Every structure is written in structure tokens, then in C-alpha cells.
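The following pair of complexes shares a single chain, subunit A, combined with subunit B in the former and subunit C in the latter.
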Partner chain A sequence: MLDRLSHHTLLRHLLLTLVAGAALVALTYGLSPYRSYQLATGAAYLCATAGLTLLVGLSGQLSLGHGALMAVGAYACALTSAELGDAGTTGPLLLLLPLAAAVVVTAAVGGVVGLAGARLHGPYLPELTLTLTIVVPSITTTFADRLGGDQGLSVLVEPAPAGLGATFPLERWQAWIACGAALLTMFLLANLVHSRFGREVRAVRDDEVAARLAGIDVARTKVLVFVVSAATAGLGGGLLAVLTQAVSPGGFSLAFSLFLLMAVVIGGIGRLAGAVWGALLLVVLPDLTTSLADRVGSSPALAERLDGNLSLLVFGVVLIVVTIAFPQGIQGLLSSAAARLPRPSRPGPSPSSPTRSSPSRPTSTSSESIDV
Partner chain B sequence: MIPESRVTPAPSTPPETAGARLDVEGVTVRFGGITALEEVSFSVPSGHVVGVIGPNGAGKTTLFNVVCGFARPQQGRLALDGSTFRPRPHRLVRSGISRSLQGLGLFPGLSVVENIVAGAGTTARTGWWSGLLALPRSDRDERELRERAEMLMDELDLTRHAHAQPGTLPYATSKRVALARALVSEPRLLLLDEPAGGLGHDEVLELGELVRSLPSRGAGCSVMLVEHHVDLVMAVCDELVVLDFGRVIAAGSPAEVRDDPAVAEAYLGAAVDV
Partner chain C sequence: MDRFLFLTVDGLARGATFAAFALALVLIWRGARLVNFSQGAMAAATTYVAYSVTTASGSYWLGLVAAVVAGLVIGAGTERLLMRHVDASQPLNTVIVALGLVLVIQAVLGILYGSEYRPMDVPFSRTPLSIGDQPLLSPYDLFVLGTVVAVMAALGWAFTRTDLGLTMRAAAFAPDMARLLGVDVRRMLTLSWGVAGAVGALAALLIVPTELGAHPHATDLVFVYAFTAAVVGGLDSPVGAVVGGLGVGLVLSYVSGYSGSDISAVVILGVLVAVLLLKPSGLLGHTSARVV
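Right, the complex of A and B next:
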């Protein structure tokens, strides 16, 4: 059974996804509405951090503008839901179509940026993505009559389906939506990382000339990674719009883009599991710093000023500590710690452990290959 | 936006049994005012090992870059199996041409087996979407690529290093990894750029044997070799082309070239003096 799984990527990844999904559903029943909402927010962040860690860690392309790409997704989601609302659409389509629009529109924007990025080397791609963080908010104020300016737009979201019961909290429903989307994202990204494409992306990162000679279309590969990464950021942005039922340019500042990048680095760059840690940090740290600011700030005005900047400060300090102490990030630390641990023996007779195999009853190696 | 699944195109020419034929006809390359190659013409006949030698700066690497599509000639043309050939680096493997790079050109972040498999990716039948959805045929494809890499690793004594990072290996071993990556696509023309660079005496002998065996390998493979190691070149090549200042100053069998006074003056004479 285990042997079959190791040769069957689809089955293995599906199983992992289902187990994680079941665990998350169970978890939401134990969480307060506020915690459920935090879980949903973390899942939305995860979509973006997972795509970003793929882009930065695996393909070596640095994006400082993923927050802006999330904004693109959020606005695409809001505009689509408004159109659908006007047309009288209800039911699951009112949720799914705006999210799909968020993915498609952001992927297209990512394609344009990626096309330009594939021709740029050194610091120019990060600079290009940095301009996104400036351009996107200014677009929202330029076309204020359509995009709502600084006020932003509200997003039409239906309550939890009646079939779940009248007392079913909205936050739990939101957590289910966001976690479902995040699991789908992780499933697809894990497939990609594991596929030939994943290897080609790393080859391009390591040596472009050698990659071309190995038959890899370097420009196509780089653009495609950017498109994938943008699509996931768009989904994350769309989810945030659905969760907050509103979207405004203030939520997608340059600081937010930098937070995303820091979270990815702290979590463990290039690792999907690291993206989970990063998303978790994005939820937990601002919360911590808010309570910290409340305690430090003697006056409400000071606390308010600290609130925005303190989280940036704390994030920066954590980033510095992490890169010095364990440059591979949290996930790198965990996996190297796991590698140092003695290998856990598998259940059942194991010929490698002398304590369990008695001479009178020799354990054959063939018993190991029987399905566990 | 996202391209369709990559389908391996049918080879443009029917596979022959003795390697591809490459003709270089009147190729001229200028970089600004400098003429790197001038009216260079020669052929790599099917199944032959042709060495390109010459002093530093003679234009050997530029010639390789022209064949690979990294440099465009201002004049002249290339022909592969008799038909005009406009090389593009990432299409090269599909045309049946592999090139090893001067130095190593390995991917430091990929294990040895991944490095080798990376050279065979173009022969995979399943595309991006199959990978995204982790379809079983994508797994099957990967397994086939891996099996081919494993056969080559077995042949080149690399199996025990399969999961090592290239940076941790001795230089000679890394060179074999680079060679395995070039061979895994089963090329019909192999371009070797200084394969003996940095190797010891015994390793050069082993390399020589391997290069000699290439024409009879699989479906057959022609070889074009740029090399400074004169003993190796003399031992393995059917024909030699001597470049100096971007021009062909001599061509012929190793014995003919060795006895050519122009060559002795331009290249071998200088080498003997050292």
C-alpha cells in the first residue's frame, strides 16, 4: 500500500488533501467564530504565500508586488460579484464565479508582468513588481467612480447555505470556503512541484544556459511560474474580499506585499509547508503586536500609531533572527530536526531492529512488502 | 495565456542508423569590428568524430555557439542531414543535438539523477496540465525518464551518487554527470566542449574510449569535439579541423593535420615549445 502510494502522485496528494480537509472541518467545530474567521483569513493568505514561495524559492524570481496582485484578484472578485448581483444571480455561482474571475484576471496580469520579467535580470523584476504596489492603488483612485476610490467596493456574499442549519455560524462557513480553496491550491501546487515542470523550474533557476541546452524553454518556464503564482495570489485576494465582504486599496499596501515576502522567507523559502507557517504568522503576528501596542502605548493616539508600524518592526526582527539562526526557515529547521531524529520504526515486524526480531521466529523481509 | 500541453513533435527527419550529418558552409561571425569566424566550412559526416582544434581565441567556442544558436552568423548556413538548419538553443535537443558545456554547467540545486533526467525532458510525452493534475501518465513518463537516467548512471558508474548534489562530487565525477545529461536524450549529434578539461591521465583515457564508442551507440551518434588535449584529439577523431584567427587553416585526418606545416606553425609547434 505504502509502496503503491509512493509511485502514485495523484493518490498520495489526494489522500493528504482529504486528510487535511477532514481535520480542518473537525477543527472548525471546536473554534469560536472569531478563531474560525482567523483560520479563514490564514487560508486566504496561504493561497498567496504558497504561490509566492514557488516563485521566489523554486524559480528564483523575486516579487515585491504580490500584495498588489492580491488586490487585483480582490477587485476582480468584487466587480464580478456586483455584476452577478445586478443580474440576479444567487446560490453557489455567486461565490464561485467571482473567485474564478479573480484567478483568471490576476493570472492575465501575472502573464504580462511575467513576460516583461522573463526579459529582465538582476533587480529589475523586483522593481517592476514594486511598481505594481504603487500603480494598483492609484488605479483604484483614478477610476474612483467605478472602483470606489479609497472607500473601495463592497462584495455581495450570501450567508451559509440553509441546509447547514439556521444556527450555523457564518464564520465557520467562511472558513470552509477559504480552507477548501487553499487545499485545492496546495494540491495543485504540490503536483506541479513534483512534476517535470517543477524540476525544469529549478533547472532554469540554477543555470539558464544549461537549461536551454537541455531543451527547456527558459522564457516560457519563467512566465508560466509567474502566471501560476499570480493566479494563486488572485485567489487569495478574492477570498479576502469574500471574507471581509469589502475591498479597498488600503488593505493591499506596499507593507502588505513585504509582509507576504517576509512570511515566505520565515516559513522556509521554496517549501509549500513553509508557506503554511508563513500564512500562520501573517495571522498571528499582527494580532500579537496589536495587543503589544495596547500595552506599550500609554495614550490611545500612540497605540494607534504603533499599531501599524509595530507589526512591521516585529516582522523585521523575526525575519533577521530567522535568517541568521536558520536560513532555511521554520520548515527547514523542522525537517533537519526530523532528519536528526532516529527513524521511527514502522509498525509490524522490522528486521532492522534487533530488539524485536527473536532468533526463534525470524522475520522475513518479504513480510515488509505486504500492504501495511 | 497558458500554453497547451507539450506534445513531442515527430522528428523532422527519419532517424538514421549512423548519426546526423552536419555541414557548416561559409559561416562568418563578426562581433563589432572583430571577425570571430571567417568563411568557415567543414562537415561532420554521419557517424564520424570530428575534432575542432586551434589556439585560444581561434573561434572554437564561437563555432559551437553558432551550431547551438547562441550566435547568429552574418553569412553562411548550417545544414543538418542535408537540409538548412536554423538552430535555437532550446530546440536543439529536439533536433537530436546535445551539447556539453565547457566546465560543468550542472544544476547545483538538483541531485545527480535529476540533473540527468533534466536532459531528457523533451522526450516526455505528457505536458504541463498532466503535471498540474498529477495524472498517472505523468508519473509513468517520469518513471521512464528515470529508468533511462538509471541505465546511463549504471554505464558511467554514477549510480551510488544518484542522490548527491553535484557540488559535493569530485570534478571528474561531475564531468561524467554532465556527459550523462548530454547522452540521455539519445542525441544523433553530440557537441563536446573541452570534455577533458580538468581530468587526470587515466580519466582522459576512459573518456577517449567512451567518445570512440559513441558512433556505434544506440541509433548512432556523430561527434563534434573541441579540445585542447592533443593526445585525446589525435586518438579519438576521424577528422580534424584546425582553426586559427577564425579561419580554417587545415583539415583532414589526424596524421595529415599533424604533418601540415601551417598547423605546426600556428598551433602544434607552439604547444611543443611549451
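Right, the complex of A and C next:
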């Protein structure tokens, strides 16, 4: 049974996803509303970090604009839900259609950005995505009558379905929505990594000329992987909009885009399981540094300056140290530690997704490709 | 027509600072084949150096010198202490480290100075002088243009006429050959970063006082404009950086002058997308951007 499972990538991923889903549902019953909300936020981040780690690790391209792409998704979600609300739509459609709009619109924006930047060799994609991130506030101010300027928009969200009981906390419902979307994203991306397309993307990353000789349309592949990555960021942004029930440009600053990148780097570039670690860090670290700032900052003025800036400082230092000293990230360290443990040998080829960032990586780590 | 002339001159004066900043990016790109994404944050740090020195001493010029020296030290120090230790076989790694540096610099500036804008003085009047009835350049604009032209001329002379400049170019274009001929390529790279840091500091100090003043994020947009200018110019060409910088300055000036809103940043995004879609090698790039 286990044998057959290890041969069927799709089946294995499906089973893992279902198990993870059941575990998460059980988990939410043990969490306080605040923790449930944090879990939901982490799941929303996970959509974006999973897409970003796919882009950076699998295709070797860098985006400094995934925060901006999340903003696109969030605004698309907000505008669609407002339209639907005006039209009198209620029920599941009021949730699903805005999220679908977030994915579609962000994928379209990703298509334009990808066509301009992703087919080129050089610093053009980071530059273009950086510009996108910087101009988000200008765009929302310029089209203030539609996008609400600095104030942003509010998002129409219905409470948890009545069928779940009157005392069902909203936060648990939010956690279910966000975790469901994140699991779906992870499932699709994990299959994508192991698909023909995933192999083509890796071939392009490792040697564009050889890939082209093998009949792969290099530019198309690079643009497509950016579109996929943008779509997941859009879903993450849409989820954030649903969770906070509001969208404003302030939440999607350049620092936020850099935080997403940092999460991916620390988790381990190119590893979907690493994206989970990254999303977790994004939720936990700001809390930690805020309480640290309160403890260090003796005067209120100093505490105010430390607040926020201290997490920037910690994140920046961690980003530099990890890139120089531990380029394989948390998940890389974990899987090389796991490889050192004695384990029974298993028949059959184990799937692996080679990552360029760590040539010395052990090859038999079937758990890493989708460890949700 | 009068307004057009005024906007043109104003755009050229702003564009000159973008050109200088773009030149700093091109210097490092030619030397190390990487874009210094922390250039903007480094320049923001040097404007605070100028602010502190000027506030303490009362002299604008002392602040200017301090900022340029600080830029030189920060630039060279970044290469020597940080970039040299990054695994350069992965181009992404250098970019990620530079971005980490952006976070660190902006956080430190925020902790030291807070997040309010610190207005900075300029040494000359910013009221435009009139020729006939036509208001044109302010004395400060003239100072900016003169400074940038002088810096360009000095760099041009240094890179084409002096031994050190020729050695730096050799180290940038053919590192292996230069090494065989006895050039200390690493030292030349450190020097390139230092010069770029100093030029970036000067450019930031020329433009930041004309806006809201020193701020940890004061140079974010300047960096984006300068990077766009460098891409428009071809990323590889100093002359292209100057042309691109002036072009970006003109576009910004016309857009904000005629539409009167803050749409200019969005327009720059459009310019960048258009250039990358239509002519990714830039106007004056020698080595074309590879489209596979």
C-alpha cells in the first residue's frame, strides 16, 4: 500500500492534503479565537510565500512585488464583493466569487509584468516588481474615487454559516476558509512541481540554452511560472482582505514585500514546506519583536521608535545572515538532519525536486515536497 | 509655451540628479554585474549624515563633504564586509543580501532619527530667476546642474585619462585578463562601490532637500526613478544613464506640470513596462539584454 502510494504522486499529495486538512480542523477547535485568527492570517501568507518560493527556487527569478500583487488581489476582492453586495448576492457566492476575481485579476497583472520582465535575463524582473510595489500608494491615490485613496476600501463578509451553530466563532470560520485555500494552493503547487511543466521550469532555470535545444519555449515557461506565482499571491491578498474586512495601501508596503521574500529565504528557497515555516515566522516574529521593544524601550518615545523598526532590523539581519551562512534555510537544515538519521530503505524511486541553491542536498527526502 | 519651457528646464534640473544616481548604479553594474538594490537606502543614510553635520556645525558645505565621504565609506564597506562574502554563483543571493541591507539601514535610521521628515536647507535660493518675463532656473537649479555636470566630467576624465580609471575599467570588463596583468581586481571593485556610494550620496543630497527632507524612505522613489533611467539608458552605458536620467526628469516634470496630480510615479511604471516590452536593451546599451 505504502509502496503504491509512493509511486502515485497525485494520490500521495491528495492524501497528505486531506490529512492536513482534518488535522487543521481538529486544531481550530482547540484554539482561542485570537489564535484561530493568527492561523488564518498565516494561511493567507502561505498562499503568497508558496507561490514566491516556487518562483525563486524553481525558476530562479526574483520578485520584490509579491506584496503589491497581494494588494492587487485584495483590491480585486474588495471591489468584486462591493459589486456583488450591491447586486444583492448572499451565501457562498459572496465569498467565492471575490476570491476567484482576486486570483484572475492578479494573474492578468502578473501576465503583463511577466511579459515585460520575466522573459529577460538580468535584474529587470526585480526592478519592475520593485517599481510596482513603490507605486501602489500612488495608484490608490490617483484612482481614489474607485480605490478609496489612503483610507482604502471595506470588504463585505458574511458571518459563519448558521448551519454551524449560533455560537460558532467567526475566527474559526475564517481559519477554515484561509486554511482550505492554502491547502488547495499547496496541493496544486506540489503537483505542479512534479509535473512536466515543473521539470521544464527547472530545465530552464539550470540552462536556458539547453532547455531551448530540448524544445522548451523558454520565455513562455518563465512568464507562465510568474503568472502562477502571481495568482497565488492574489489569492493570499484576497484572503487577507476577507480576514481583515478592509484593504488599504499601507498594509502592502515595500517592507511587506521584503518580509515575504525573507520568509521564503529563511524557510528554504524552492521548498514548499519551507514556505510553511516562512508563513509561520511572518505571523510570530512581529509579535515577538513588539514585546521585545516594549521591554527594551525604557521611555515611551524610544519604545515608539523601536516598535516596527526593531522587527525590520531583525528581519534584515536574519535575511543577510541566512543568505550568507545557511542558504538552504530551515527546511534544508531539517531535511539534511533527517537524512543523517538511520531509516529503513524504501523500494522505488523517491521523488525529488533538486534545488540549485544547495547542491550538497540529500536526494531522498520525499517528505519535503509537500509537507503541509 | 512659456509653461512648456519652464517645465523643460525644471525637468532637466531634476533629471540631472536622477542621472547622477543612475550613474552610481551603472558603475556597480559594470564592475560586478549586479544592481545595488541598497543604493537608495545607503543614500538615505548619507542625507542623515549631512543633516546631523549641518545641524551641528551650521555649515551646509561641511554637511555636503561629510555625506560624500560617508557614501564612499558605506559603499566600499558594503563591498568589502558584505558582498565579498556572498556566494556570487547565485545572482539572486547578492540581490537578497542588498535587500536585507535596505531593511537594516532603514530600521537603524528609524530608530536613531524617528520617522518624521527632517527639513533640510539649501545653500541657494529656490525662487526661479526670470529672463525677460519668463521664469526659468533658480540659483539652486543652476547649482545642481553645475555640480552634476562637474561630477560627470570628472568621472569621464578619470575613467578615460587616468591610470586608476583605466585599471578600474579593465577590471570591470575583463576581470580574468586584468588579474593576469597584475591588477588587484577585488580592490578595484571595492573602489567602484566607494565611488558609486559617493556619487549616490551627492545625488541624494541634491534632491532630498527639495522635497520633504531627510526620512528613512526619502530615497525610495528616487531609487526607482534612477533605476528606470539606468534601464532606459541600457544599464551598461554611463552616457545612457545620463540620457535616461534627463528623460525621466522631463517625463516627470511634464506629467506633474500638466496633469497636476501625483500620477507621475504610475507613469514611470508605464514607461518602464513599455521600454522592457519594446526595447529591453535600452537606448544606448551595448550588450543587449538577453531575450531567450
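Here is the rule we go by: the second predicted complex is superposed on the first by the 335 of 372 C-alpha atoms of A that agree within 3 Å, B and C clash if a C-alpha of one lies under 4 Å from a C-alpha of the other, contacts with A are read in each partner's own complex, and residues count from 1 in each chain.
Quick note on the criterion: a residue touches a chain if its C-beta (ideal position, glycine included) is under 8 Å from a C-beta of that chain, and two chains touch if they have at least 3 such contacts.
If you're wondering where the values come from, they're calculated on a predicted model, not measured in any experiment.
Judged by the number of subunit A residues each one touches, C leads among subunit B and subunit C.
Using the contact criterion defined above for the overlaid structures, shared-chain residue A:Gly111 touches subunit B, although it does not reach subunit C.
Contact with subunit C, but none with subunit B, is seen for A:Val56 once the two complexes are overlaid on the shared chain. In the superposed pair of complexes, A:Thr90 makes contact with neither subunit B nor subunit C. Of the two partner chains, subunit B is the only one that A:His8 touches; subunit C does not reach it. In the superposed model, A:Gln151 lies in contact with neither subunit B nor subunit C.
In the superposition on chain A, contact of A:Arg205 is made with subunit B only, not with subunit C.
Judged by the touch definition given at the top, the superposed model places A:Val218 against both subunit B and subunit C. Residue contacts after overlaying the shared chain place A:Leu132 against subunit C, while subunit B stays out of touching range. Contacts of A:Ser32 after superposition on the shared chain: neither subunit B nor subunit C is touched. Taken together, the two structures place residues 209, 212, 218 of subunit A in contact with subunit B in one case and with subunit C in the other. Here subunit C touches subunit A in the complex through residues 29, 34-35, 37, 82, 85-87, 90, 92-93, 95-97, 99-108, 110-111, 114-115, 220-221, 224, 227-228, 231, 235, 261-266, 268-269, 272-273, 276-277, 280, 289-292, going by the rule given at the top.
Across the complex, subunit B is touched by residues 7-10, 13, 107-108, 111, 188, 191-192, 194-200, 202-203, 205-207, 209-218, 220, 224, 227 of subunit A.
By the touch criterion given at the top, residues 56, 60, 62, 64, 112-113, 115-117, 119-124, 126-128, 130-132, 134-135, 138-139, 141-142, 208-209, 212, 218-219, 254-255, 258, 261-262, 265, 304-306, 308-310, 312-313, 315-320, 323-324, 327, 356-357 of subunit A touch subunit C in their complex. Looking at the complex, you find that subunit B touches subunit A at residues 1-3, 68, 70, 89-94, 98-99, 101, 105-110, 114, 117-119, 121-122, 124, 126, 128, 130-136, 138-139, 141-143, 145, 181, 185.
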